[in-house]
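Look for chain A in each of the two complexes below; its partner is chain B in the first and chain C in the second.
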Partner chain A sequence: MSLAAEAFVSQLAAAEPWPENATLYQPLKEDQILLSDHASSLAVQAYLRMCGLPVQVLCRVNSEFMSPSGKIPFIHVGNQVVSELGPIVQFTKAKGHSLSDGLDDVQRAEMKAYMELVNNMLLTAELYIQWCDDATAAEISRPRYSSPYSWPLSKILAYQKQWEVRRKMNAIGWGGKTLQQVYEDVSQCCQALSQRLGMQPYFFNKQPTELDALVFGHLFTILTTRLTSSELAERVKSYSNLLSFCRRIEQTYFEDKSS
Partner chain B sequence: TGTLHSLDPLPMQGPELGIQADDIEAPEVEQEPKQEVLENKNVVVQRVHIDGLGRTKEDLLTYEIAEVFRANNLIDVMRKSHEARQKLLRLGIFRKVEVNIDTSRGEDALPNGLDVTFEVTELRRMTGSYNTMVGNNEGSMVLGLRLPNVFGRAEKLTFQFSYGTKETSYGLSFFKPQPGHFERNVSFNMYKVTGQFPWSSLRETDRGVSAELSFPMWKTNQTLKWEGVWRELGCLGQNASFAIRNESGHSLKSSLSHAMVVDTRNSSILPRKGGLLKIHQELAGYTGGDARFLKEDFEIQLNKTLYWDSVLSASLWGGLLLPFGDAPTCIADRFYLGGPTSIRGFSMYSMGPQSDGDYLGGEAYWAGGLHLYTPLPFRPGRGGFGDLFRTHFFLNAGNLCNLHYGEGPQAHLKKLAECIRWSYGLGIVLRLGNIARLELNYCIPMGVQSGDRICDGIQFGAGIRFL
Partner chain C sequence: MAAAMELRCWGGDWGLPSVHTDSLIVLAYAKFCGANVTVSPIDWTWKTITASVPELFCGDSTVQEPAQILNFMRKQRLNADYELTARQGADTMAYIALLEEKLRPALLHTFWVDAENYANLTRPWFASRSPFPLNFLVPCRHANIALSRILLTKGEAPLHRISEMEGKIYSDAKECLNLLSYRLGAAKYFFGNSPTSLDAFVFGFLAPLEKANLPSSPLLSHLRQLENLTGFCDNILAAFFSSDRPYG
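Up next, the complex of A and B:
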């Protein structure tokens, strides 16, 4: 968002307290949602739970097209619609809820850097595996993405999405990578996260921040989603402190959540 | 002797100001004294042939000229030749058709035998065109590329690109009439239309294919059509209401529809007499696709000329959208009402169910209009330009709402009868050829419900279909 737009949203947001009927929109959980979208959605849900803000999760077939930025998830709070974790964090900050207030500038910069790492590495790897790996695309991604629509629209939309993602991968230089290279990148990213986490409960010691929500969203989804091969999950599992981190957050914030 | 009679070409159908094709009576045949002798004389048409054919196949044309053989006196020959000429022109494959009637020559010529020759000039293989078109309160530029008479039997292939104030579209269409029965025809279309509807803050892109069969039956014209459309809806601008945001996304409609039209009016724009009945139904979902509904709509219009060159016109429109299954109806299928071409005095399509100022359309509607058209007071420019204008007094009424289909028809009628919006006023109407009309009205809207947007006072409208 531009600075002016951010300032405007903040003004509007600050005016009203968080309502009871805030809703979060994502694709259908059972049949439609894909790994990358589920990770992003779970990250936002974890963040909102950490802030203590109630939100109801609604599943809609067209949530991707309802979103103002075209990305999942988005929240509908009062009159406003905000999508993606970054803008949602800004939005809640304007309403007076923040998890990173206790951090100093150095820590905040570090937090932003690690969030960038997760977005550039983990999220991109998830997209690559879903759409650029032919086996996964044919068995999982295209059938799931096209499940709500009838033929031939289902085929058209699935291939359109695949071409779009592949074009984007080529643009950022991931087009030439092999699956093994991508798994290696994931491992390296997990190693960096694991080292930063160490033996602490959260990345910035006692209190969770948006970084914790983001990492949890991605890692938990990777661990619990069945793909054509389990190698991605195995790579994450090899870091035991990340495993216990995920379990801890699940138990603390999602214990009422039925899987 | 040389040529006895050669008819001048009549103006073809098309947009032109001034004299209208349907205002011209069939030409009176000149009655010269010397022709009185021939009037009652029996003649035999020995040969009818067509000169100037290139790629057109002859078998197509034999049907159109067959009647001429049956004429048995001179006046009849001229009349039937004129009709045959009209039929040849309406095929849309000739630029010019001239008729020559001459006495028979040659060895087997009878003393009262006649030869009729149609001299035709075919249209070029490919023609381009540029038009401006007036739709309902929108205008557009249309570029067209047409291949008339592609395979020799009046098939037509057209590509059209249209750029307008509300819609941009392009499409390819193939039309094939049945030889000998031009009114029975089939056409295939492929198109993409992108529209922007600020009254709903909605953007819609439709990509579709359709196949249509048209044929006359007694006095009616019937059309059967299958259509498959991929609809993509989105918000227009960031301030769209959440109800519109909810409708965003993709859907596929595959529908069968049937339309019946009975049109006895003398013209479709400012008719003086006759009536129109149009009934249309569409069933979606049983040939595939996501959308499932039954849609019915009708249009009735009656016109009567009164004293002093004034015309009384009454019209009634109505429609119903019945969804099947649990899914709600899609905004792309619902009806809209209001505006200078329907209920005057209200803003364009700004009536009925709405959310935050975005109009959502309704599943049922009715609208009626009563008009009195008179010539301009004091009749300025009579006989020329002034005849294109009419003064117009009107009364419009209607309603647009959603129905809960669990309740019975009694409840539905009651709901449509509540909260009726209506308006009255007067204005000036300008007729644009045979294609469109412009109106400038002073409107007084009444029965305005909360949420409706009105346009009281002066309202301008342009279009082809007015209530």
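Up next, the complex of A and C:
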């Protein structure tokens, strides 16, 4: 949203505390949601749990169209609607909850840079694999994306989304890449994350930040989603400290709620 | 030693060896690692419309895109990142991603979409460096590519108009410049005392912005306030691209 709208929302947000009935919207979990959307949604859920903010997850077929920016997930808090991790982090900060206050300027610069790395490489690779790889698009992405709709709407929406994503890939120069090159890029990104994490529990030592939430969202989704080939998951699995990082966050923030 | 390498790129002006960001990145890296690269500018040739710039020729192989070219040079044992630790290498990747996501859209907008800059600086420059009749086509093509890239990557439905995104693009870019400034601090280069690929990337992005005589640019005024970044660019220009050897 534009700058003026953002400033207005922040001001409104600061006025009220976090309500009990905050909700997060995403597409249907079993049938409709795709890899990249699930990763983004899980990242936001992890972030909110790390902040200790209660949120209820609602699955709606038309979440993508309800969202103010067209992207999943979005949260409905009080009478405001905010989508995507970046604006949601700013929104919660305006309400007084923040995970990155303890960082100094250089660390904050690093954190933002690594978040852009994940968005630039992992998210783009996920989109590429889902929509530009013909086998995956035909077997998984198009059927799933259009599952709630009847013919001919299902065909139209699925192809429109595929066309949009392919246009974007061409614009940023990923259109000419092969699948192997994309897997290589994912490996390099995971290697960078693994080296940055090292033996620490979180990226900035003791406390989790939004970077941890984002990395967890993407890696956990890649590890637990079944695609036409398991090479993507295998590439991530080869970094053991990333695996234990995902397991640790899952146990700390997700398992105590379900048991 | 490596075979002879030839780099095809846009020519230079405003005190820079090249005005094109990607070409400048490759030229800077070649200087940092002491590579022997012959530069063939594509100005005034038909390559302005046919070639994808920058492009490196080495023997039989051709490489495009700055990241691929830098990888290729590293494989030829021309490695400016040799002394970096694994973690510094990871930081390099992260900061380059930050530049691409936050700074590139604003630079594209400043040079190619902003009407005043485009009409008074960018289009005349590129048109004057292209042979007839390409001088009508080349600037338009670049401007269209730039605009569609910004709209596709930053455009959020239903805000498909560029005017609504300008504020966001520029505020992201200013934040990116601030973050780079914090990271550089008072040091001469980003990692230690010798320049690396991250320095090449930052130089390639910032130098055209700093040196071109842009008629209107809020981003440039912001950059000028960050003295360590302007000092960084001037330092590299003086050390590696002094006027008596513009291409080395």
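Just so we're on the same page, the second predicted complex is superposed on the first by the 252 of 259 C-alpha atoms of A that agree within 3 Å, B and C clash if a C-alpha of one lies under 4 Å from a C-alpha of the other, contacts with A are read in each partner's own complex, and residues count from 1 in each chain.
One rule holds for everything that comes next: a contact is a pair of C-beta atoms (placed from the backbone, for glycine too) under 8 Å apart; a residue touches a chain by one contact, two chains touch by 3 or more.
What you are looking at is a predicted structure, and each value in this text was computed from that prediction instead of being measured.
Chemist: Quick one: chain B and chain C on chain A, clash or fit?
Modeler: By the criteria stated at the top, chain C and chain B fit after superposition, with no clash.
Chemist: Give the angle at the C-alpha centre of chain A formed by the C-alpha centres of chain B and chain C in the superposed arrangement, rounded to the nearest 10 degrees.
Modeler: For this superposed arrangement the angle is about 100 degrees.
Chemist: If we overlay the two complexes on their shared chain A, which of chain B and chain C does A:66 touch? Say first, second, both or neither.
Modeler: A:66 contacts chain B only, not chain C.
Chemist: Quick one: is A:151 in contact with chain B, with chain C, with both, or with neither? Answer first, second, both or neither.
Modeler: After superposing on A, A:151 lies in contact with chain B but is clear of chain C.
Chemist: Does chain B (first) or chain C (second) touch A:116, or do both, or does neither?
Modeler: Touch status of A:116: second partner only.
Chemist: Tell me which of chain B and chain C touches more residues of chain A.
Modeler: Of chain B and chain C, C contacts more residues of chain A.
Chemist: Taking the superposition as given, does A:81 touch the first partner, chain B, the second, chain C, both, or neither?
Modeler: It touches chain B, and chain C stays clear.
Chemist: Scan A:167 for contacts with chain B and chain C and give back first, second, both or neither.
Modeler: Only chain C is touched by A:167; chain B is not.
Chemist: Figure out whether A:237 sits in contact with chain B (first) or chain C (second), or with both, or with neither.
Modeler: Neither partner.
Chemist: Which holds for A:192: it touches chain B only (first), chain C only (second), both, or neither?
Modeler: After superposition on chain A, A:192 lies in contact with chain C alone.
Chemist: Just to be sure I read the superposition right, which of the two partners does A:248 touch: chain B = first, chain C = second, or both, or neither?
Modeler: The answer is neither, since A:248 touches no partner chain.
Chemist: Just the number, please: smallest Cα separation between chain B and chain C in the overlaid arrangement, in Å.
Modeler: The answer for the closest chain B-chain C C-alpha pair is 10 Å.
Chemist: So which bits of chain A does chain B touch that chain C touches too?
Modeler: Shared contact residues on chain A: none.
Chemist: Provide the residue numbers of chain A that touch chain C in the complex, in ascending order.
Modeler: Residues 1-4, 69-71, 105-106, 108-110, 112-114, 116-117, 119-121, 167-168, 171-173, 188-189, 191-193, 195-196, 198.
Chemist: Which residues of chain C touch chain A in the complex?
Modeler: By the definition above, chain C touches chain A via 65, 86-87, 89-91, 93-95, 97-98, 100-102, 148-149, 152-153, 156-159, 164, 167-168, 171, 175, 179-180, 182-183, 185.
Chemist: Please output the residues of chain A touching chain B within their complex, sorted ascending.
Modeler: Touch list, chain A to chain B: 60-62, 64-66, 68, 76, 81, 149-153, 156-157.
Chemist: For the complex, give me every residue of chain B touching chain A.
Modeler: These residues of chain B touch chain A: 230, 233-235, 238, 242, 245-246, 248-252, 288-290.
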